[in-house]
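Single-structure report; data block below.
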Amino acid sequence: MKRGKRILKVVWENVWVGSGMVFLLCIAQFFRLSQWSLESVKEIAGSMFAGGLVIVSAATLMLMVYSRYSVYEPLKIFMGYTRKKSFEDMQFAKLLSALFIALISAAAVTFGRWPSVKTEDLTMVFWGFVLMMLVQGAMELLTILYLKTRKQWIVLAAIVVACAGIGGFVGYNVMAIIDAEDIIEIQMSFLFLQENPLLWLLVFIVVYHLMEYFSWKLLKNLEIRI
Amino acid sequence: MSEKILQCRGIVKEYRKQEVLHNIDLTLEQGKIYGLIGRNGAGKTTLLSILSAQNPATSGDVLLNGEKVWENSRALEEIFFSREISPNAVGDSSGLRVKDYLEMAEAYLPKWDKNMAEELVELFHLDKKKKTLKLSKGMLSMLSIVLALASKAEFTFMDEPVSGLDVVAREQFYRLLLEEFTESGRTFVISTHIIEEAADLFEEVIFLHEGRILLKENTQELLEHSIYVSGRAEEVDEAVKGKEIHHQEILGRSKSVMVRLKEGETLNQTQGITLQPMNLQKVFVSLCAGEEE
Amino acid sequence: MQELLNQEKSIYLQIKEMIERDILRDILLEEERVPSTNELAKLYAINPATAAKGVNLLVDEGILYKKRGIGMFVAAGAKEAIRKKRREHFFEDYVKAMLAEAANLGISKEELIEMIAWNQGGKENE
């Protein structure tokens, strides 16, 4: 399998795990609501699916990054792969995963709000993409730090947070379905983002690149033990 | 066929301000089986991991045919260090199964011989579906051996490959190693504690003691030039005067000592002393004891 | 062949001597093929370079010769050559040590000759 195919395989796994989970939840919600109309489907797709996908994926992507860097990338390096190529592979995987998920979310939003799609909705998807990149970057840095220092708590903490994130969303939705509450509108109303979007974007870009810088700095001279 | 040489120059390795390897210079030639012999903590694993770019040296270089090995794909294709697989390592690698290792090997080791791997897995009765954390020490050793042999890497390193194997499995391994060596002429560096068993396999031996290379020599020549002299102290002293000696032991009026002769040197003529050949293990122990004196 | 290796002597010398012994015992006949160094290495679980060293000594002495692409063969007249060589070394290899030990124990030359003639023990048997 060539390098590109291998990366896409990782991306594919990243994408369908999150999507699958959220999709099932939405199906459940749909049946629970029993409003067999296109409107209902659109409603669910537009907010619950689109928003939920991003939140859940943020968490699952974090777990994926941890798993890649703690198990597979060291094994690749052990077998003669360079750290540089491994890092590059991961950059592609992170970017493409976040991108595809964002695109699916955007598609869902578009479908959900059709024909009156607002820019705000798509902007939310964009911030979702940013969120996914940031959490992946953070997990990358933490995991590489863990490989270097072998201090368990670092990653344990991050995993707990990731699981809390997924668990919280899933749990809340399941509870909602059981309690017959209304559709969860994932507003992601981070108003502060609205106020100064460009500034925030700049901040996020800087933060992301700092994380990448340190991740690589640690990785390039890392001792690998499998 | 051009001769490939794997070389390291001035390798120093520090862990938390402690020097573990001191200025190591080593040249490994293609087509030999080397024995890397040293006590626990001598630095064998560290040295092998540095030679295979798994571990960065604090200073010094590792070169393959003059090219630096570190992060060099082309060079790394020729080197493989099949270290002990520990299920307690970082992350969840304990969850990996035998077949996962084999699949990764197929994907990332460029010269991987799948057929050989399958044969060996069967020979060793390794259950491909089993997770590494469920494998016994012996089975883990066998997995490392499969990876090492089937990698077909020009320079293959093994770290204590027979630890955990019973005596019959060990003999099996030595024969497999020899068979692969005679067929392919690959270079093997095997680090081991169980010196005597493997001594006959090594064309050259490298003694590593407390992070320094004590010697690197052709095994047969080393043994031919190492003599165990014993007898009355005065006579022994006379016989070994001017020669390199190690590890003197005195008991009453008798004395014994290991002598290392140089090419063409012989012992001084004396009566009444016993000369005995030494095996590799004895030579190693004597030299180590000598270092510590 | 098929003997065990011991620690008394260099491995390659033992290989050499084993082949010589087999030639003397007609286990290996002249103009017959001798196992290759790789076969010897595998048989005795030793490094092929070591086996080769022993074999090469025999080639140097003219006991074996190489046929390109086929292998090693016992030279014509090898048996006689080995016998001759061993006779020449007999004194060095066996007699000298015996004389030294006899001197250590105070056994006289006459006693030694008697022992050889009668092919049995010493004074105890009188």
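As written, the chains take the letters A, B and C, and residue 1 is the first residue of each chain.
In this section, a contact is a pair of C-beta atoms (placed from the backbone, for glycine too) under 8 Å apart; a residue touches a chain by one contact, two chains touch by 3 or more.
The structure presented is a predicted model; accordingly, all values stated were derived computationally and were not measured.
Engineer: Which chain is most remote from chain A in terms of Cα centres?
Structural biologist: In terms of C-alpha centroids, the chain at the greatest distance from chain A is C.
Engineer: Closest chain to the protein's overall Cα mean, using per-chain Cα means, please.
Structural biologist: B
Engineer: What is the distance, in whole Å, between the centres of chain B and chain C, each centre taken as the mean of its C-alpha atoms?
Structural biologist: Here chain B and chain C have centroids separated by 33 Å.
Engineer: For chain A and chain B, what's the span in angstrom between their mean Cα positions?
Structural biologist: Going by mean C-alpha positions, chain A sits 46 Å from chain B.
Engineer: Would you kindly tell me how far, in whole Å, the mean C-alpha position of chain C lies from that of chain A?
Structural biologist: Whole-Å distance between the two chain centres: 77.
Engineer: Contact residues on chain A for chain B in the complex?
Structural biologist: Against chain B, chain A makes touches at 1, 6, 66-67, 70-72, 74-85, 146-147, 150, 220-226.
Engineer: Given the complex with chain C, which residues does chain B contribute to the contact?
Structural biologist: Residues 32-33, 171, 174-175, 178-179, 181-182, 200-203, 219-220, 223-224, 277, 279.
Engineer: Which stretch or stretches of chain C touch chain B in the complex?
Structural biologist: Touching chain B from chain C are residues 5, 7-12, 38, 41-42, 44-50, 53.
Engineer: Spell out the part of chain B that touches chain A in their complex, as residue ranges.
Structural biologist: 49, 54-56, 71-73, 76-77, 79-81, 83, 85-86, 89-93, 95-96, 101, 104-105, 107-110
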